[in-house]
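Look for chain A in each of the two complexes below; its partner is chain B in the first and chain C in the second.
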Partner chain A sequence: MADTLHSSPILVKLVDTAEPTRGHALKPYQWTGGTRAYLVPMLIGAATLAVSLVVGFSETFREQFYFSYLVGWTFCLSLALGALFVVLIKHLTKASWIVALRRIPEALAASFPFLALLSIPIIIGLFDDHGLYHHWSIDGIADPGSEHYDEILAGKVAYLNKPFFLLRLAFYFVIWTLVSSKLWGLSLRQDLSGNAHIAAKQRKVSAWGLPLVALTTAFGSYDLLMSVDPHWFSTIFGVYFFAGAFMAAFCLIALLCMFLQRMGMLRGVVTREHYHDLGKLMFAFVVFWAYIAFSQYMLYWYGGIPEETIWFRHRLEHGWETHSAILLVAHFILPFLILLPRAVKRNLPLLAVMAVWLLVMQWFDHHWLAMPVLHYDQATFHWLDVSCWIGLTALFLGVTLWRLSRHALVPQGDPFLAKSLRFENV
Partner chain B sequence: MADTHTTDAPHQEAPLVTGNLGIREITQLVSYHTEKRPPSTWYMAFAVSSTLLAVLLVMIAYLFWNGVGVWGNNNPVGWGWPIVNFVFWVGIGHAGTLISAILFLFRQRWRTAINRSAEAMTLFAVICALLFPTIHVGRVWVIYWTLPLPNQMEMWPQFKSPLLWDVFAVSVYFTVSLIFWYVGLIPDLGTLRDRARSAFRRRIMAFFALGWTGANRHWRNYEKTYLLLAALATPLVLSVHSVVSFDFAVSIIPGWHTTIFPPYFVAGAIFSGFAMVMTLLIIARKVYGIRNIITMDHLEKMAIIILVTGTMVGFAYITEFFIAWYSQVEYEQYAFLNRATGPYAWAYWIMMSCNLLFPQFFWIKRLRRSIPFLFITSIIVNIGMWFERFVITVISLHRDFLPSSWDYFNPTIVDILTLIGSFGLFLTLFLIFLRFLPMVAMAEVKMVLPEADPHHYEKH
Partner chain C sequence: MLKRLVRDLKATMGIYQAREDRVYGLLAEFEHPGALLKAARTVRMAGYKHFDTHSPFPIHGMDKAMGLGQSKVGYITFLGGATGLALATWLQWWTSAVDYPINISGKPFFAIEPSIPIMFELTVLFSALFAVGGMLLLNGLPRPYNPLFYSRAFARVTDDAFFLHVAASDRQFDLEGTEALLRDAQAQHVEVIHDHGYSELHA
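Now for the complex of A and B:
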């Protein structure tokens, strides 16, 4: 896999828009994990994904496959977007504690071209009459003479139609790629030159990038996840998507730091103090997610308008009520209680368990958002759900690690690195 | 001079206190104003504000005598200006606790210069806010029925009503903010006590300083308490305005019933709160000569927060509008069309331009650092935020489900004078605060001086 990557410049560009700068990395900041660290996840991911694709596109499994794939893919997308938000906000607030581990969210956020490549099955699903968005994309939806005519969806045709959907998706990816690759490039240039004025440029890009990324994230979530059930609508949906994504990004950043440290890298760079802060942010955004989820549920429950409550009705019957309950308990109550004490956030094995747990819950949440549309009559997990998720995530992580291996692991030119290295919680 | 002092060099942090002020100078500069006779500007301002307060009291007396019919409220606009004013003032009361709690948890050290006065402002704004629903209930002499008090009639408030949640949310917020503010004051009260010349003043200050000596143990307990209170106050900053938004959003009125309301209201509240802090502090820092403590950099940071939260509010406006169309619910669509093009379009576009467009000027650094521009914008923002609540409350109600009852809502003179009078209450309280208490958290500002760093003297 790595060899194919090296021999195909287009694929390399998709994975990493920047030229490798590993040669300029200071010795303690170099990648010393060899090739296995990223090859193994890449191969596992590619193999699992290949099986899923082959089986998934067979007649029997196709409908299931699209949904499973959507959940896995939006999971990875949410991690990249969450990481991008972390980088943007870091620059705008001049946060210095996170500098030592900044390269990790930057590398995660540089995944958009690769994620765009992985969106092909979603696009195929768009054009399939039994596919993801067939509720609104089927022919004749706006034609009163057709058997597929739907009065409500006919009114949405100006927005929910295939060409415009594709155009928007392309636009989102252009914005995300533009912002993240600019920040990635600047950060790597800072490694080489140590030019302190690059920090000002990073701030500038983040300033215009943040509102654009926020807007496209919200509309992206409407298009990709909300329009699976096209009759339903909720103004908070974009914030809900962001809340989960931001929380999950902190979990993944912590896990990747721990992984690299186990491999012998970043030793003495990322300390317990940094993990403590990551733990605080995980905790904060677990609560924020719950606040947003509660707002959405309570306001629709209280209003009791059928076209709004039906979406929750589907998630409270035929076994989905168990999923909803798990979401409440395992995405909020338990992590809230467990992450509350200071000691847990400073205990790395426990923090790792919580990070994995919350990442699983982030996937479970997306599953809960999309899957009841397909299986409204019986809550279920399909093995394709898991294989698509594992395949995409492993590939996503492998590629991210490979991208990381091409550069210094620490933004060695950042003027606040020294401050971040000796950072302590008081 | 002070206004131009800053550093934008990316590799170093700008000093938070300028003008080479040391520990002693900060104490002197801040305490002094509570010890001497206030400047003549203060007396003039107090004369104006207490007159307005008198107007408020007259209006309330008039209201109690005649009943709520003296307002412009009608059917279907059952919630008129009093609720608009309530939400407006609660919103303003958000900046203080955000600055003192959330910015504290996020280690934003620049907050120390502004947190004291912002918290004081918060408390006074919440008092103004609580006034409006209280006088709106009609039979104000039984206002205690809003509390779940056991009684022989077995009468209980409606626990499913967000109006009751408001009682709890706002009063808890007020209580915690008050405690937080007071705890923060203790070290400074100790300073004032030690500086007091008269025995009378010393005894009062000593009473409120709770025996503060500045001992190591005191500081340890103080800092732990402060951290815990910050952690407790943080969810309150979000919950209060979320609950206020529930007042609207749990109903099924088009334009009110939308899920983005809680975070959108919170963003708007922070937006207006910061604008009010800015209005007050631009004047105070000049009159009291504390421009080296509340520096241009502080104002610029507040301007950035106004830009960010204003844009978030704008994002919510656009989302609401888009989803109203997307929902294909004709009543939702009409409600928003009516806002933008109906008889109150003028109010809608005032809201849009003041809240979404005007803060965008803060993208320009020169304008973020121009005192006149900051001052004007801070007032424009609060005009816009008052109109936002007007748009939400009155426009959504004035054309209800029964077109025969549609009408144009007109406020009465009592409405107008009560709103103006509430500014009297707010400003009077704020002026009293400026007169008697240190308007800057001296102890906290000293902690962000370079010499407070334990390693400061090790550097060569």
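Now for the complex of A and C:
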């Protein structure tokens, strides 16, 4: 697979907008993991995904497949967006502690062109009358004479229609790609020249990039996840999506650092002090997620208006109440208590367990958002849920690792690198 | 036994008892923060427990050099949080379901949903109060009286001087031996501090 990628510039461009710069990397910052480290996840991902696609597009599984794929794909999208937020906020706050491991969120955030390619099944699902968005995308929704006529959705048709949906999706990906590839390019140029002015440019891009990415993330979550149940609406939904994404990004950054260190890279670069800070941020955004989730729930509970509460009702009956309870306990109460002590955040095996746990919960959360629309009468897990998730995630990680292997693993030209390497928690 | 325990507990707060003969301890001055850091390590390695350092600004690595370890204030904060949570739950239940139940748009008298903001707020409030209270309890502040103030040189501690104080209450304290140790650790001056309850300068 690596050979085809190397010989095909368009595919390579899709994965990494920059030319490889690994030849200029300082010795201790070079990729030494060989090709297996990224080929194995890539192949596992591609194979699992291929099986899911072939089976998924058969008549029996198609409806299930669209939803399973959506959950797996938005999971990967949330990781890339969370990582992009990490980079943007890092530049804007001039945070120096994270510089030593900055290349990892940068590489994760450079995935948008590749994720856009993987959105094809979602778009096919848009045009299927039994697909993801059929509640609003079916013909005749705004025609009083049609059997599909829906008075509420007729009022939303100016926003919820197929051409505008596609246009918005394209716009989001253009913005995300533009901001992330600009930051990626600047960061790699900083490696080569060590030019001190590049830090100011990164800050500048982040200044206009952050509000744009924030708005497109919110609207992206409305379009992709909220509109599967188009009668319902929640203005805080975008923040809810962001909270989970940001938390999951820190989990994945910590896991990737541990993985690279196991392979013998980043030794002495990423220290316990950095992991401690990643753990603090994981903890903080576990709490933030719960805060936002509750803010959404409480207002609808107080209002008690049927068209709003129905969404929660679907998630509190027919077995979905178990999923809701698991979300409360395993996405908030237990991680809150476990991640609270300092010792846990400084214990790498424990932190790794918590990072995997919370990544699973992030997927479980997206599953809980989308799946009750399809299986409103009985809570289930389908094997396609798992195979789409594992396939997409493995492919996403393999491609990210391959992108990492093409450049220095540490932003060696950053003026604050030395400070970050010395960083210690008080 | 109990007296010893109380004395050691107070010593962790930086409050040391003077000896029978009113000797409070030895105050050594050092030239720069590095020398103070080294001296703190030397004194700790020599087995002293009742000693403290004083400098115009925080010195990086001093906690480690003095062997202070991790602060216990987090546990007190957690206790405060749990207290606040429990109190808020009881408050919500008692006021809305027991003492003054009112039917508001058919909602249950006591429900967890509208109670959570109060539970959250009181958890945060009590955590904060316990954190501040615990901090003051553990570091023995505010402390308007300190025998070290009798030393004329010590006035410069908020300006440009670096001091290490070994208390006489330490089991290993010995006027000659401790002074020799401090001088070996590059102290510029070593002064015996007496605690008479008044300043010798005006006596």
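In this text, the second predicted complex is superposed on the first by the 426 of 426 C-alpha atoms of A that agree within 3 Å, B and C clash if a C-alpha of one lies under 4 Å from a C-alpha of the other, contacts with A are read in each partner's own complex, and residues count from 1 in each chain.
Keep this in mind: a contact is a pair of C-beta atoms (placed from the backbone, for glycine too) under 8 Å apart; a residue touches a chain by one contact, two chains touch by 3 or more.
Bear in mind that the values here come from a model prediction, so they are computed numbers and not experimental data.
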More chain A residues in contact - chain B or chain C: B
Touching partner for A:Ser193 - first (chain B), second (chain C), both, neither: neither
Partner chain in contact with A:Gln378 - chain B first, chain C second, else both or neither: neither
Partner chain in contact with A:Tyr302 - chain B first, chain C second, else both or neither: both
Partner chain in contact with A:Arg342 - chain B first, chain C second, else both or neither: second
First (chain B), second (chain C), both or neither touched by A:Pro211: first
Contacts of A:Thr322 with chain B and chain C, given as first, second, both or neither: neither
Where chain A meets both chain C and chain B, residue numbers: 298, 302, 304
Chain B - residues contacting chain A, complex: 8-13, 106-107, 235, 238, 242, 246, 249-252, 257-263, 311, 315-316, 319-320, 323, 326-329, 363
Complex contacts: residues of chain A adjacent to chain C: 294, 297-298, 301-302, 304, 340-342
Sites on chain A touched by chain B in the complex: 93-94, 97, 152, 155-156, 159, 196-200, 203, 207, 211, 214-215, 218, 222, 233-239, 287, 291-292, 295-296, 298-300, 302-305, 307, 415-416
Residues of chain C that touch chain A when the two form their complex: 70, 74, 78, 105, 107, 113-114, 116-117
